[in-house]
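All chains are identified by letter, namely A, B, C and D, in their written order; residue positions are counted from 1 within each chain.
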Amino acid sequence: MSFPSLTYDPATDRPQEECGVFGVRRVADASVLAAFGLHALQHRGQEACGITSYDREKGRFTTERHLGLVGEHFTEPKRLERLTGDMAIGHVRYSTSGGSSMRNVQPLYADVRGGGIALAHNGNLTNARMLREELVAGGAIFQSTSDSEVILQLAARSKQPDSIERLISAFTQIEGAFALVAMTNDLLIGARDPLGIRPLVMGVLDGATIFASETCALDMIGARYIRDIEPGEVVIVSDEGLETRRYAPARPAKTCAFEYIYFARPDSVIDGISVYEARKRMGIRLAQECPADIDVVVPVPDSGMAAALGFSEELGKPFDLGIIRAHFAGRTFIQPTQAKRDLGVRRKHSANASVLRGKRVLLVDDSIVRGTTSKKIVRMVREAGATEVHFRSACPPITHPDFYGIDMPMREELMAASHEPDKMIEMLECDSLGFLSVEGLYWAVHGEARNPESPQLADHYFTGDYPTRLVDQNRAASSKDEQLSLLVDA
Amino acid sequence: MSFPSLTYDPATDRPQEECGVFGVRRVADASVLAAFGLHALQHRGQEACGITSYDREKGRFTTERHLGLVGEHFTEPKRLERLTGDMAIGHVRYSTSGGSSMRNVQPLYADVRGGGIALAHNGNLTNARMLREELVAGGAIFQSTSDSEVILQLAARSKQPDSIERLISAFTQIEGAFALVAMTNDLLIGARDPLGIRPLVMGVLDGATIFASETCALDMIGARYIRDIEPGEVVIVSDEGLETRRYAPARPAKTCAFEYIYFARPDSVIDGISVYEARKRMGIRLAQECPADIDVVVPVPDSGMAAALGFSEELGKPFDLGIIRAHFAGRTFIQPTQAKRDLGVRRKHSANASVLRGKRVLLVDDSIVRGTTSKKIVRMVREAGATEVHFRSACPPITHPDFYGIDMPMREELMAASHEPDKMIEMLECDSLGFLSVEGLYWAVHGEARNPESPQLADHYFTGDYPTRLVDQNRAASSKDEQLSLLVDA
Amino acid sequence: MSFPSLTYDPATDRPQEECGVFGVRRVADASVLAAFGLHALQHRGQEACGITSYDREKGRFTTERHLGLVGEHFTEPKRLERLTGDMAIGHVRYSTSGGSSMRNVQPLYADVRGGGIALAHNGNLTNARMLREELVAGGAIFQSTSDSEVILQLAARSKQPDSIERLISAFTQIEGAFALVAMTNDLLIGARDPLGIRPLVMGVLDGATIFASETCALDMIGARYIRDIEPGEVVIVSDEGLETRRYAPARPAKTCAFEYIYFARPDSVIDGISVYEARKRMGIRLAQECPADIDVVVPVPDSGMAAALGFSEELGKPFDLGIIRAHFAGRTFIQPTQAKRDLGVRRKHSANASVLRGKRVLLVDDSIVRGTTSKKIVRMVREAGATEVHFRSACPPITHPDFYGIDMPMREELMAASHEPDKMIEMLECDSLGFLSVEGLYWAVHGEARNPESPQLADHYFTGDYPTRLVDQNRAASSKDEQLSLLVDA
Amino acid sequence: MSFPSLTYDPATDRPQEECGVFGVRRVADASVLAAFGLHALQHRGQEACGITSYDREKGRFTTERHLGLVGEHFTEPKRLERLTGDMAIGHVRYSTSGGSSMRNVQPLYADVRGGGIALAHNGNLTNARMLREELVAGGAIFQSTSDSEVILQLAARSKQPDSIERLISAFTQIEGAFALVAMTNDLLIGARDPLGIRPLVMGVLDGATIFASETCALDMIGARYIRDIEPGEVVIVSDEGLETRRYAPARPAKTCAFEYIYFARPDSVIDGISVYEARKRMGIRLAQECPADIDVVVPVPDSGMAAALGFSEELGKPFDLGIIRAHFAGRTFIQPTQAKRDLGVRRKHSANASVLRGKRVLLVDDSIVRGTTSKKIVRMVREAGATEVHFRSACPPITHPDFYGIDMPMREELMAASHEPDKMIEMLECDSLGFLSVEGLYWAVHGEARNPESPQLADHYFTGDYPTRLVDQNRAASSKDEQLSLLVDA
C-alpha cells in the first residue's frame, strides 16, 4: 500500500501487515459500525485510521483521518456524529517507527465528473511506480506516495461514463495484491486482486452488505459471514442488491501464507479455513518434524500460542506460560547508559521464572525473521533458570522478501536467507532449532500437498516463487531508486 | 484564493484581505527570512501560514503548513530546521470565523515530470470554476477547493517541457487577480496578473532576490526595494540572474483601491505610492469635502488613524485618542445572558471618556461596510459623554462586491448599497455622516482625476466598474451553485 | 489511595488495583530505571504516572507527573533529561472511567525545614478522613483529596528534627494499608503497613538499592531480589547502607488475597510465593472442588489463563483458546443505535468459534464481581456454537467490599453478596457455576489451612473478616458523607 | 506576587506589571462577566489566567486556571459552563520569557474548617519570605512559590472562627503591596494594602458588586464605577450589602507612579485621575522642560502615544505616526545567522519612512529602562531617513528597582542608574535626550508639588524613597539567596 518499505519493525522482528479495510452500505450508524469493524482489524495496522461516510440526503462525503488507533479517535462522539450517512468505508494502516505522513492516510478521495469516489486499499501493486510515472507525465498531481492513489488516478482518468466502470478500468491496469472497498455517491464495491493474495470477505447485518478484510470484523458487529470475495471479482452493492463482475478469470485464491502464519486474527476464517486451526496444525506438524526431549512447551506470546498448544498436544509434553507479555503500549524506552543488559525486550516480554527454572524449555514462535528478538528471548529464558532452551519456528525458513504489502527487512537481513542451520543455532544461542517444512505448511493450511504448477498459497517467502510479475522490481535500477516525490511533508 | 466567500468577519465589519506571499532564492537561512517576511505580512491573513523550502543538495522540497499565526508556528526552531535549503516561498492566509480546512493551506505542491513546483498565490480567479470543471472532466483530482490549485493543475497538464513554461502556459488561461510566487527545483518566479490588481514587489538582500506582497516585508528583513512587478510580467530568478517575461501586454497597474484604503500596512509603498500618505490625503480631502463644527477628531483605531490625522490637520481641530483598542487576540466571547448591552464591540474597542466627555466628536474610520460595528462605536462614544457624534468614512460608499480576493458581505448587506444618506445617519445613530468622493479617492492616491476609459485603480466597490470579465459569475446559476467538492474534510 | 471509590470499572467488571510504587537510590540514570520499573508495574494503575528525582549536586528535586501511561510520557528523552540526579521515586495510579484530577497525581512533595520530602503511596488509609479533619482544623491546606497527602501533612507538622523521624511519626498515626517509598534530600526509604496488606519488595542493581511494589519491576531492570519489606518495617537507605526500623511489632504479612488472585503480575513473587503458581493451584483445586463433564477448558483471557491451565491439567481435559483478547487500547465505543446486540464486550474479547463449535465448554475466570461481563461472555460463547457453557471462578464468592485501596462496587452490586447459587446460574445464563472455596484459596496460596485467629491473608472480600479497624467507616454518617474538598478542579 | 523577579522582558525593555484581579458577587453569568473583566485587564498579565466560581446551590467552588490569554481559554463555552454559580473571582498573571509553572497560577484556594477560601492577589509582599519560613517551620506545606500563598496559609492558620476574620488577621501580618479579591462560600471581599500602592476599584452592575484592578474592567461589562477601595480598607459584600472594615489607619493612597506612566490602560481612572490625561500632561510638561527644534513628534507606539500628543500640542509641531507597531503576537523569532542587522525590534516596530525621511524627528516614549530597545528604535528611524533623532522619556530617570510587584532589571542594568547624560546620548546614538523631572511628574499626575514628608505617589523608581520597610530585602544575605522551594515542577 506504500512504496519501498521503510517500516519493518526491528523491535518485534516481525513483518508488518499493511492495512485492513471495511465497508458497509445502507444501515443506520454506518460510521459507528465502521469504527467497530476497524477496531477488530486493528492488528492489521496501528499507524493510522480513517473513515469516510456518504450522506445521500446531503449529497456529501465526510472524512476523518487520523494518526493513531481506532480506539483513540473513533470513540469520540463528535467525530462519529460528523460522519453522517448510511454508507461508510474505513481503513487501518500499519505502524511504523519512523516518520509517516498524514497525506498517506486513507480512505483516499476524488471528485470526478458527476460524483465522488472514496477508496480504501490493502495490498501492494507491483507496477505502481511505472503507472505513476506515466500518470505524472500525463499531468496527474499525486498527493500521496501510496500506490493506492495510482488506482484512484487511473479511475479519474478513465473515459468511462460512470464511477464503477472507471474503477474496473483501473483494476485491469494494476498488478499485484489488492483487497479494496470503494464507495461512490450511490454504490459500495468490494474487489480482490486476480490471485486473491489479500483476503476480503462479505457479510450481512440487518440486510446491509458489509465488506471486511477478515471475518473477525463481521463477528465484532454481529454480522453474518456470506462468503469470501473471489480472485478477480468485483461485488457491486446498490439499492437493487448485489451484482458481481469479473475483470479477471475465475480461479482459486492463492492467499498469502503469512495471513495464516501471523497476520490474521486467530478467530478469523480465510477462504474457508480457520486461522486458529491452521496454526495449531502447524504446531502439530512441527512437533512431528522437529521433536525434542524437553520438559515444557512455552509459547512466545501471543503469536506462538496456537502452534505451541498443537506442539504440546502432539508431543505429549505440558504447555505452560513461561513468558509473560506486557499489554501496555508505549514507544521505545531510553536505555540506561550503565545497565549491563539490554532492557528493550523486557518491555514487551518477561520471563516467568516459576515455570522455567530447572526445566528443559522448548519455545514455539510463529516465525523467525532476523532472529534478533528470538535471541534476546532465548537469553532471557536461560537467565530465568532454564537448563536447556530449544527454539521452534511454526513456519518454514524465510528466505525471500515480499512485494505484495508485507513489510520485511532486506533479504540480506533475513536470518534464514544467509545462514546455515548450525550458524543459526549459534546466533540464537539455543540448544536446538527447528522450522516447519514447506510441505508441513501446506498440510497444516490446506491438508494437501503443494501444487508446484500453481501453489495454493503465495509462498514466495520460503520458495522464491512469486505469484505475479514484478514489473517495478525488474525495471532499470535508476528508475527504481528515484524518489516518488520530491516533497517531504510534515 | 478561495471560492465563494463565507468568510467576511462581522465582528470587525471589515472586508478580509486574502493572503500574502513571499519568496527568496539563494540565501542562507531562506526559511528564517521567509518566517520574518510572512510575519510582516501577517495582517494579510491570520488563518493559516506555510513555508516550503528547496534544498538543492538533497534535491528535496520540505513543507510546513499550519493553521494559526506565523509567530505561533515559525518561531519554533525545529520547524525552521526542517526547512533546509537556500530557496523558500511562503504564504499567509486570511482569517475566518467558521471552519477552514488544512487542505487549502498553501504553498501548494506538485511533482511534475523532471521536478517539482511549489506555489503560493494571493488573489482570486474569475474563471476558476469553469477551468476546474474542465480539468476534472479531464481526469484531474483536486485536493483543495482553492482556485490556486487550478493554476497548479493547469501547469501539470501543460505539454511544455519545463516547469516555468508550464506555469506561464497556466497564466495565459486564468483570469482575475493574482500575485504569486512559485519555485521549481531550480528557479524562483514572481508573477502578477495582467492588470496588476494584487500587489507584488521585488527586493534584494545580500545579492538574493526577494518577492513579497508588500514592501513592509522587505523592510522587515533589511532588504532593499527594487521595483514592483509589472502587470502581466513574470520575473524568473536563476543562477544566471533575473529574466523578465511577459504573458500579457505592458500597461500601468490597476491596483485594488482597498489596498490603499485598508489592507496594506501603512508603512508599505505600492506602485510607488506610500500607503500612509495616501490615507492621510484621504483624510485631508475628506475634511475638505465633509467638514463639521466639532471639538475633537477621533480615529477609530487602528484603521482610521492616518486619515484622522489628515482630517484634523486640514480642519484645524485637535486629534485625540478617544477610542482605545485592545491588542490581545481572542475568539468571540460568550455574551452574558442578562447583560443589557452588547459587550462584543468592547472586546476590541473601548471609549476613553476623558477625551470624549462633553465634546462634539468627529469619528474617522477608513470605511463602512455593513455599518454594524460603526453603530456600536457611535453608541459607545455617546455613552462615554460625547455631546455630538459625527462619522466620516475615508473612502466612498461601498456599493458593489469584489471578485478578486476580497471577502465582503453580499451586496444586500452593504449599508451604502441599499440605503439613502438620511437612512444611514439614522442607522448609525450619528449626528452627521460623510464619505470621501470617488474623485477625492483618486486625488488622494494618484493626485490626478479618474480616467473613466481605464481607471487607474480597481474601484468597482464604489463604481460597479469591474476591471475584468466575470466568467464564473456570469455562468448559468445551476453551475454556480454546485459544490466545488462533495467532500467535507476535517 | 483516594477516598470513596468512584472508580470501579464496569467495562471489565474487575476490581481496580490502586497504584504501584518504585524507588531507587544512588545509581546513574535513576529516572530511566524508574521509568522501566513503572512500566513493569503499569498493570497496577493506568490513569496517571509520575517520577520525582533528586539531584544532589544541584540540591534540587524535579518532578514530572502526567495523566496516561508510562510508555506515553516517560519515553520522551526530554522528560527524563529533566529528571536529573541519582535518586528517584515513581508512582503509577489506577485507571478511572470518570473524572480524575492532576492534583491527585503522585509523587507528592513538601518543602520542610531543612529539605524536602517526596512520597509515593500505594494503599488506602482507614482513618484518613478523621486525620484530615484534624489537620485542616489546625490550619493545614490540602492540595489533593488523596489520603496519601495526610501522611505528608502529618510529616510536615511533626516536631521531629529530621525528615525520616517526621515520616515515622506519621506512620504511627495512620491506619490501613500502605506500601510507600519516600525520598528526602539525602535518603530513600521504603515502608510497609503494620499488617503488610500491600506488597513491597527490595532489590539491588549495581550496588544501588531499589524498592518496588512487585518483583516484576526488579526483573525488568535486571535487579536482584533481596527480600520483601516486613509489616511495620521502614528501611532507610543512606550512604552508610541500609538501616531497618520498626514502628510496629514484627509479625507475618497478611497480604491482600486479591494480589494473588488478580492484581499482581503472574511473574511476580510476593512474600516468597509465586503468583503464577498460586493461580495455577487455584485452578487445580477448583477442578477438584467443582469438576464438570466437558470437552474443553477455555480461559477468560488474560486473567483466567493460569487457573485454566491448572484446571485442565487436573481434570485431564484439553485447554484451548476459545476466547481471543484484543490488545489495542481504547475508550468505550459508542453503541450503534439499532444493533440488536451489545457490542461492548467484543471490544475486548471475541469468540474463537473453531474451538467452541459443538463443544461442551468450561470457562475459567479469576473471579466474578458483578457478573455483568461474565454473562456477556457466556452468551458470546454460546452464540459461537458451544453446546454447553460452564463457568468457574478461581476465587471464592466475593461478598464484602474493600477499604484498603481496591476499587470495588458497592456491596449490593456484588453478585455473590446478594444472590443464591441457583439465581446466579440463571443470571449468568450458564449451565453450571462453581467457585473456589476459602479453604481452597489458602491451600493454593499458602499450602496450609486458614488460621481463623489470624488469617494469613487479608480475605475480607470472602469472609467479612477485616484485618484492621475501620475508623472512617464507623464514624457518624454525616461526617462520612461530607465532601473532602469544596473545590472541583479542572 | 512572585518572589525575586526573573521576569523582566528584555524584548520590550519595559518593566512588567504583575497581575490584575476581578471579583463579582450575586449576578447571573458571574464567570462570563469575570472573563470579560479579565480580558479588559489582560495588559496587566499575559502569562496565565484563572477564574474560580462559587455555586451556592451545589455548595461547590469550581476553578479553571490556564497558561495563556483570557481570549484563548475563556472563550470556550464548556469552560465557562463548568464555572457555575453567581459569584466568581479571577486573575491575570504577567508574562515571562522563561519557565513559569502552573502551580503559581491563581486564584489560589484552601479548604478551611467550615468552608473554602479562594483568593486572587496583585502586588508583592516585602516580608513574604520571612513569613514563609515561619509557616514552613510550623508545618505548612506550600504548593507554590508565590507570596500570595503566604496570605492563604496565614488565613488557614488563624484561630479566628470565620473566614473573613482569618483573612483580616492575615492582612495585619503582611507588608508591602497588595490589591486582592477573595471569596468564601458566602462572601466576596476586596482589600487594598495600607498605602494603596496597587489600585483596586469597586463598581456595580444590576445591583451586583464588582471589584477590579482598573476601571476599564468596569467599562468593559457596562458596570458603573462607585469608588476606589481605600488604603487599609476591606470591603465585605454579603446578602446584607456592603460592610467596610479597616485593618490599617485611613490615609490618602500612595499609588505606584508607574501605574500612571505605563501599566494602567489609558482609559482607566485611578484614584480619581484619568490615566490618559496624566500621560498627556507628562508630554506637555516634557515639552516645556526639554523642547527641541524639530520637524515632527513621533510616538513610540503604543506606550508613548498620549505623551507624544501632549508634547506635539505644547511644542506646536506636528504629531505623526513614524513608527508602526505590529499587532500580531508571537514568540521571539530565530535570527538569521548571516543577516547584518538585528531583526528583533522590527518584529514589533517598523519605521514609516514616508513620515521620517528628511525630517528632524523627536521620539517620545513613556520611559527608558535599560535603553536597549530605545537604541534600536533610534537606529531604525535614522536608517529610514531621519536627519536628526531626538529622544524624550515621559518619566524621570529610573534609578532604583521596585519591590512591590513590578518586574525590573537589577539596578546595575538601569541605564539612568549608572550613566551620565552625555554617556546616555552616546549609548542611544540620539541627537539629544530629555527626561521629565520628578516635579514634572507630580504636576502631571496630581497638579501639585511633591510632598517630601509623604510623597503622594510611590516614586522610589526615581527617588529611592521606598514607601515601606523592606523586610526580606534587609535580612541576612544567606537567607535571601536561599531557594524558596527545592522542587522544580514541570
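Operating definition for what follows: contacts are C-beta pairs under 8 Å (C-beta built on N, C-alpha and C of every residue); 3 or more make two chains touch, one makes a residue touch a chain.
These figures come from a predicted structure and were not determined experimentally.
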Review point. Does A-C or A-B have the larger number of C-beta pairs in contact?
Key: A-C
Practice item. Using mean Cα positions as chain centres, tell me which chain lies farthest from chain A. Key: D
**Study point:** chain B and chain C, separation of their C-alpha mean positions in angstrom
**Key:** 61
Study note, to complete from the structure: chain A to chain B, mean C-alpha position gap in Å, rounds to 50
Exercise for review: List the centre-to-centre spacing of chain A and chain C in whole Å, with centres computed as mean CA coordinates.
Suggested key: 36
Check your understanding: Looking at which chains touch which, would you call it a line, ring, star, complete or other?
Key -> ring
Study note, to complete from the structure: As the complex stands, chain D meets chain C at residues 59-65, 82, 109-113, 115-116, 136-137, 139-143, 152-153, 156-158, 185, 483-490
Practice item. Could you pull out which chain A residues touch chain C in their complex? Key: 27-29, 32-33, 35-36, 39-40, 42-43, 46, 69-72, 74-75, 77, 80, 205-206, 216, 219-222, 265-267, 269, 274, 276-277, 302, 305-306, 309, 313, 318-321, 324, 326-341, 343, 346-347, 350-355
